[in-house]
Amino acid sequence: MAIDSGDTAFIIICTAMVMLMTPGVGLFYGGMVRGKNIISMVAMAFIAFAIVSIQWVTIGYSLAFGPDIAGFIGGLDHMFLAGVGLDGNGIPDMLFMMFQMVFAGITLAILTSGVAERIKLSSFIVLGLLWTTFVYDPLAHWAWGGGWASEMGALDFAGGTVVHISSGFGALALALVIGSRAGFGKYSMEAENITITLLGGALLWFGWFAFNAGSALAADGIAVNALVVTNISAAAGAITWMAAAWIKGKPSSLGLISGAVAGLVAITPASGFVGPMSAIVIGGFAGLLCYGALLLRVRKGLDESLDAWAVHGMGGLWGAIATGIFASAAIGGVDGLIYGNVNQFMIQLLDATVAMVYAFTMTFILAKIVDKVMGLRVTEEEEYIGLDISQHGESTTA
Amino acid sequence: MAIDSGDTAFIIICTAMVMLMTPGVGLFYGGMVRGKNIISMVAMAFIAFAIVSIQWVTIGYSLAFGPDIAGFIGGLDHMFLAGVGLDGNGIPDMLFMMFQMVFAGITLAILTSGVAERIKLSSFIVLGLLWTTFVYDPLAHWAWGGGWASEMGALDFAGGTVVHISSGFGALALALVIGSRAGFGKYSMEAENITITLLGGALLWFGWFAFNAGSALAADGIAVNALVVTNISAAAGAITWMAAAWIKGKPSSLGLISGAVAGLVAITPASGFVGPMSAIVIGGFAGLLCYGALLLRVRKGLDESLDAWAVHGMGGLWGAIATGIFASAAIGGVDGLIYGNVNQFMIQLLDATVAMVYAFTMTFILAKIVDKVMGLRVTEEEEYIGLDISQHGESTTA
Amino acid sequence: MAIDSGDTAFIIICTAMVMLMTPGVGLFYGGMVRGKNIISMVAMAFIAFAIVSIQWVTIGYSLAFGPDIAGFIGGLDHMFLAGVGLDGNGIPDMLFMMFQMVFAGITLAILTSGVAERIKLSSFIVLGLLWTTFVYDPLAHWAWGGGWASEMGALDFAGGTVVHISSGFGALALALVIGSRAGFGKYSMEAENITITLLGGALLWFGWFAFNAGSALAADGIAVNALVVTNISAAAGAITWMAAAWIKGKPSSLGLISGAVAGLVAITPASGFVGPMSAIVIGGFAGLLCYGALLLRVRKGLDESLDAWAVHGMGGLWGAIATGIFASAAIGGVDGLIYGNVNQFMIQLLDATVAMVYAFTMTFILAKIVDKVMGLRVTEEEEYIGLDISQHGESTTA
Amino acid sequence: MKKVTAVIRPEKLEDVKAALEEKGYFPMTVHEVKGRGAQKGICLQYRGKQIKVDMIPKTEIEMVVGDEDVRPIIEIIRTSARTGKFGDGKIFISPVEIVAAIRNDEEIISE
Amino acid sequence: MKKVTAVIRPEKLEDVKAALEEKGYFPMTVHEVKGRGAQKGICLQYRGKQIKVDMIPKTEIEMVVGDEDVRPIIEIIRTSARTGKFGDGKIFISPVEIVAAIRNDEEIISE
Amino acid sequence: MKKVTAVIRPEKLEDVKAALEEKGYFPMTVHEVKGRGAQKGICLQYRGKQIKVDMIPKTEIEMVVGDEDVRPIIEIIRTSARTGKFGDGKIFISPVEIVAAIRNDEEIISE
C-alpha cells in the first residue's frame, strides 16, 4: 500500500493537535497552582516537550520501536532516525515516528503534577530525560513496539498504560520522594487562575480527539469510532464527577473539567475497541472513581495535588481494565468480558498491573537517584518566593 | 460510494475544531462579564457541551435525523445510535452524527448569553436539556433532517436558522423571562477580561472555518468556497463594526471582534451558495446591522448583554435572507434574488421567520415553565456575590 | 490532476491553523507589553488579519500571483479573484489563494512589534495596507509568484524571506522611525502577562506545523518532512536559548519560548529541503544567534522590544542562508553547501540580502510618509495612559 | 488636615466620584480591597446549611482634605453610596499632619 | 477609636481571621500588598551570587476598633500570625477620630 | 512614630526604592492604587471633544518611621519621584502610636 493523502493529512493534523495538548497540560496545571508558580508549570510543559523531542529523534524512538530485544526494549537501529523514511504504508514511517513523539512529550508534562511548586528546574530536566528513557520508552515498546504486552495480546489503543498509568503512578512516586509542599495541609492552597485551567482543559478535550482517533493511524471507521466514544466518555465523566461533587457540596468547575479528563483518560485504551453505549459507562464510572481517588488522596494527606495519580493513574487503570470488559469484536476485532472473553480481561489486568508497578518503582528509583546526586527540591526560600521568580527569574502580574 | 479517507479526515478534524468553539463561546462570554461570574460563563459552556453530548447520542440525533414525522420531527429509530454505523457515503454515518452533535452543543452555549450572571445552575441544566430537545432538535430536523423547510427548498448551509436564529432569539426570550441583572442600567457593568474575550473570539473564528467548510461534508470545492467566503465575511464585519463604532466614539476591540462574529454568523447559512464578492457585502452589512441592533437593545434597556440576540439572532436573520438574495447557481446550484429568483428569496424569508417565531416562543414557554417549577434565577445575595462562588464554590483571583 | 480530497482537507485545515497564529502573535506580544497596552497588541493582530483579508481578495493576491511583470510584481488579472476557481491541481486554486492569504495576514501582525505601545491606530491601518501592498506582495511574488528570486532558483519553502525577513527588518525600520517608548531605558518595562505570552507561543508552535507542512500544498512525504524538521528545530532553539540565558542568569520562560520561535523561524525556508539532523543544527544555532541579536539590540538601546527583528529578522536571515547550506537533494531535489553546491548558497545569500534591504528600506520610506501625512505616534498623554484606553476606549482589569 | 477613608460598594464608586466632583472634591486615591463588616459577610442558603462568604470585594477611597471639608464629604459619600442594606460600608476620619507635593515643594502643615 | 493595621503573611490570613472571629472581632478590610522589612526581603543563593527578592506579597488587615480592643487584638494577631521567622510582619496602631456608617446615620466620635 | 504615605507614579517605584535604600530606609509596604489629583486626571483630545481619564494607576508607599526620619524621607521621595509634571503625587504624614512586631514581642510606643 502506498501513501494515502487522506490518512497522511489526518495524522499530520492529529500530530499538531496532540502537540497542543502539552501546553494544554501546562495551562491546566498552571491555573491550579498558586500564582507564584504558574509560569513554572507552563514552562515545564514546554521544556518537557522540547527535551523529549530531541530525545525521541536521537534515541527514544529507536528504544520504543526498534527491533524487539527480549520483549522488553527496542534495539538502537533507528537512532538518529536511521532507516525512518518518508514513505510507508498508508502514512509515511516518519509521520508515525512524529505522531509517537507527541505522545512521549505530553506524558512527561503530565508527570509534573507530582512535583508541582517545589522541583528544581535543572533536576526536572535530568529526571525528565531519564524518565522518558527508562519508563516511557520501554512501556511504549511493550504496548506498541512489539514488546511482551502486545505479544500477549494486551489492548491499549491510544495509551492507557503507556501514557496514563505511567505518568499517573509516576507522579505518585515523585510526590512521595519529593515530599509535600511547605505548609501543605496547614494553609489553603487554592487554584488561583481557574479560567486558565478551563482553557487548558478545553485544549485537552480538543486534542484528545486527535490523540484517540489519530491512534487508528488512518481516517477510517475505527478513527470515527474512537472520536465518538472519546467525546461520550468525556461528557459522561464530567457529568458524574460534577454530580458527585454536587452531592457533597458545590459543583465546582474544576470538578467538571477533572471529570471530563477522567473520562478522556479512561476511554483512551478502549477507544478503538468499544462502542458508544459502553463509553457512557466507562466515562461515567471514571468520573466517580477518580473523584473517589482524589478524596482518598486528600484524606491520606498526600500532596500529589494536581491529581495526575487520581485522574490519569486511576483513570488509566480503570480504562485498561474496562477495555477487557467492554471490548466488542464488532468494533475492534476482540471481545471482552461482557461478551464472555475472560481471557482478554485477565490479560488487561496483568498488563495494567505490570505497567503500574513498573512505572511506580522505576520512577521512585530514578527520583531517589536524582535527589541524591543533585537534589530534587528547591530550598525553603525559593519555594516560599515561588518557582517563577526563583527558577525562572520572572513573574506574572496579571 | 465508499468511505473516502480525505473527506473522513476532514470531517473528523472539523468536528474537533467546532467542539473547541464551545469553550471558545465560554471564554468569549466569560471575559465580558464581571470577574465574579467568569467561571460560571465558561463552566456553562462546558456543561452545555457535556449534557448535549449525552442527549444527542441517546435521543437528540434521532429527533433531528430520524425518519421524518409530519415534516416536524424525526422518529425515534436512531435512539441510542441504533442503526448509525461506521460506514457510509464518503464519510461514516457515525461521523455525520458526531459532526452534528458539536453543532447542537455550541448552540446551547450561545444561548447562555440571555441568562448571564443570574441563572441558577440546576435550572440551566434542566432548561438546557429541554431547549435542545424542543427547540434545537426540531429546527435541525426542519433544515437538514428532511423536515418541511428543506422540503420547501429553504437553504441553510451551516446553521443560520438552526444555530443562530434559534440561539439568538432564544436568548432574547430568556432575558425577558429572567429579567435584568440587579443594578443593570444603574451601575456600569463593563467587560473585565477583554483579553480572554479576544482569545475566545480567536477560537471562534478558527473553528468557524470548520463549522462552515465542514458543512460541505467533503473536502471539495464547496468546502473551499465556504472557507473563503467565511473569512471574507468575518473580516468585512469586523471592519464595518469597528468603523461604525469609531464614528460614534472609539473603535473598541470588543466591537472589532463582535463585528467579526456578526460576519461569521451572517455568512453561515450562505457559505455554500454565494461567492467571495457577495461575502464582502453580507459580512459588511452584518457588522452594521448587528451593531445597530446592539444600540437598539441598549436604548430599550434590555439586559441581553452578551448580545446573542443582536449578533447571532439578527445576524442569523440577515444571513438567512442574504442567502436568498445572493445565492448563485454557479456555486451552490441555486440562484437568489439578484439573479432574478424571487421565489428563493421568499422561501428564505418564510423559513427565517418561522424559525425566529418558533425559537422565541418555545424558549419563552420553556423558560416560564422552568421558572415556575424550580426558579430560574439565583437569589439576590447569590447574584451579588457572583455565580462563581454561589453556584460553583470557586473564584478566580487572576 | 483533479482535486484530491486528502490534499484539500489538509490545506483547508492548515489554513485555519495558520489563521489562528495571527491572534497567537497578538497574545504572544500582548503578554509582553505593559498591562495598559495588551488589548492594543491583540487588537492590532486581529485588525491586521481583517484588513489584509480584504486587501488580498481585492488586489493583493493578484499582485503576488498574477502574471509576472518584469520579475518584480504580478499583474492585475486576478483582482477581485477574477479567474480564481474552485478546481485546480490537487487542491482548488481558490484554496491556494486562501492559504496564501493567511500568510500575508500574520506577517503584518508580526510587524507590530516595532511600534508596540506607541502607534496611532488609524496610522497603523493605513501603514498596514501600504506595507502589505508594497512590501509583502512583491516579496511573495519574487519567491512564489514567478518573480526574479524563484527564477534565479532561490529556495524559500514557507516564507523565510517573504514572512520573516520582511517583518523582522520591517519592524526594525519602524522602530527607528517611530522612536523609543517614553521612558525606555529609564524605567523597567517588563512583560506583565507571561502566561498569555506562553499561550500565544503555544498557538504559534501549533500553527507552525501547518505553516510549514502545509506549504507542501499536499499531504505527502515533503509535508511530513517539513512537520518533523519544524518540530525539531523549535525544540533545539528552545533548548539553546534557554541554556544560553541560563549561563548568563536565569532560564526565563520568555527565553524558552523565544528560542522555540527562533527555531521555527529559521527552519521555515528550509523545511522542505533539509533533513532532521540538519534541523537540530539549524534550530540550535538559531536560538543562540537570535538571543545574541537580542542582547545586541539591548546594548544598542534600540526599542524594538518585542524582538521581531532579533527573532524573525535574524532568524529568517539565518534560515535563508542555512537552506543554502543544508539543503539535500534527497529531500527537496536541491543540494546545498555541505553537499558541495556553492552556487545554491550564493543564491540564498543574494536572495536574503535583497529581501532584507528591500524590506528595510521600503518600510522606512512608507513609515516616514505616513508619519509626515498623519503622524505615526500617539501623543505623550495617550502613550502614558496606554493605547487600550486612548485608542480603544477599553481596559482589562484581569 | 484629615484623611477620609471610605469603604464602599465597588458598584457605587462611579456615583460617589460624580457626587464628590459636583461639589468640587476631586483628589482621591482608590484601593481595591475585600472586607467584612459586623454582619460577617453574606449568607448563602445552601441545601439546608448556611454558607458564609465573608470577604466581599469593596472599594476604599482615601481623600486627604482640610478639616472643614470632612463633614460635607461624609455627607456626600453617605448620600451617594447608601443603599440601606448591610454592607454599605464605613467612613473613617483620621488626622494628617503634613501634606507634601512631589511635583514641587509645596507643603501644608496641620497646626 | 484606633486603627489597627497589620501586615501579615498571606498564608496566615485564614488563621488570623479565625482567631479574631473566635474572640468576636469581625469587621476588617483587607489589602493585598507587597513589602519589605528590615531584612530587605528574601535572599536566594544563585550560582555563587546572592539575589535579593525585595518585594514579597503580604496581606494588610485594617481594623478600626475601640481603644480598649487594641491590646487584645495585637495579641491575637501575634499569636495567630507568628511563625518566628523573618517576614512575619508588623502591627501599627494609629488614631481615628470619627467612624461613620454609610447604611445609616450612626456615628462614633472619639473624644 | 509617623506613617509616611506617598502616592507616586508606578514607573518611579524602582528609583524611589533605590534612593531610600541608599540612605538606609528599607521597610515599606506598597499598594497598587488608582487615583486622581487636583487636575482630575489626564485629558485626551478625541476628535474635537476632550476625554478625561480620571483614574490613573499609582503606587502608594507606606513607611512607618521615627519622627526624625520624616523630613529626610520626604526629601528623598521628592527628589527621586519628581518629574515636574502633573501627577507626580503627594506625601502624607500621619501619627502612629504603637508599632508591634509579629515575629517577636518587640514594640515601640510613641510617647
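Order of writing sets the labels: A, B, C, D, E and F. Residues in every chain begin at 1.
Just so it is clear, a residue touches a chain if its C-beta (ideal position, glycine included) is under 8 Å from a C-beta of that chain, and two chains touch if they have at least 3 such contacts.
Nothing here was measured: the structure is a model prediction, and the numbers come from that model.
**Student:** Identify the chains in contact with chain B as well as chain C, in label order.
**Tutor:** Per touch definition, common to chain B and chain C: A.
**Student:** Between chain A and chain E, which partner chains are common?
**Tutor:** Of all the chains present, none is in contact with both chain A and chain E.
**Student:** Copies chain A and chain B touch; is their interface built from the same residue numbers (over half shared) or different ones?
**Tutor:** Since fewer than half of the residue numbers are used by both chains, the interface counts as different.
**Student:** On Cα atoms, by how many degrees is chain D rotated relative to chain E, nearest 5?
**Tutor:** 120
**Student:** Of the chain pairs C-F and A-C, which one is connected by the greater count of C-beta contacts?
**Tutor:** Contact tally favours A-C.
**Student:** Find the geometric centre of each of chain E and chain F from their Cα atoms only, then give the gap between the two centres in Å, rounded to an integer.
**Tutor:** For chain E versus chain F, the centre distance works out to 19 Å.
**Student:** Need the CA-centroid distance for the pair chain A / chain D, whole Å please.
**Tutor:** About 51 Å separates the centre of chain A from that of chain D.
**Student:** Using Cα averages as centroids, what's the distance between chain B and chain D in whole Å?
**Tutor:** Centre separation, chain B to chain D: 44 Å.
**Student:** Could you check chain A for residues that touch two or more other chains and list them?
**Tutor:** 4-7, 9-10, 13, 17, 38, 193, 195-196, 199, 250, 396, 398
**Student:** Among all residues of chain F, which ones touch two or more of the remaining chains?
**Tutor:** In chain F, 31, 94-95 touch at least two other chains.
**Student:** Chain pairs that touch, all of them, please.
**Tutor:** Those chain pairs satisfying the definition are A-B, A-C, A-E, B-C, B-D, C-F, D-E, D-F, E-F.
**Student:** Looking at the complex, which residues from chain C come into contact with chain B?
**Tutor:** Residues 3-10, 12-13, 15-17, 19-20, 23-24, 26-27, 30, 38-39, 42-43, 46-47, 49-51, 53-54, 57, 80-81, 86-87, 91-92, 94-95, 97-98, 101, 121, 193, 195-196, 199, 391-398 of chain C touch chain B in their complex.
**Student:** Help me check something: in the complex, which residues belonging to chain E touch chain A?
**Tutor:** By the definition above, chain E touches chain A via 11-12, 14, 42-45, 53, 56-57.
**Student:** Chain F touches which residues of chain E in the complex?
**Tutor:** So the residues of chain E in touch with chain F come to 2, 6-8, 31, 33-38, 40, 54-55, 58, 60, 70, 74, 77-78, 81-95.
**Student:** Please give the residue numbers of chain A that touch chain B in the complex, ascending.
**Tutor:** 4-7, 9-10, 13-14, 17, 35, 38, 191-196, 198-199, 201-203, 205-206, 209-210, 213, 218-225, 227-228, 231-232, 234-236, 238-239, 242, 249-254, 256-257, 260, 276-277, 280, 331, 396, 398
**Student:** Quick one: in the complex, what on chain B touches chain D?
**Tutor:** On the chain B side, the touching residues are 36, 183, 186-188, 379, 381-382, 384-385, 389-390.
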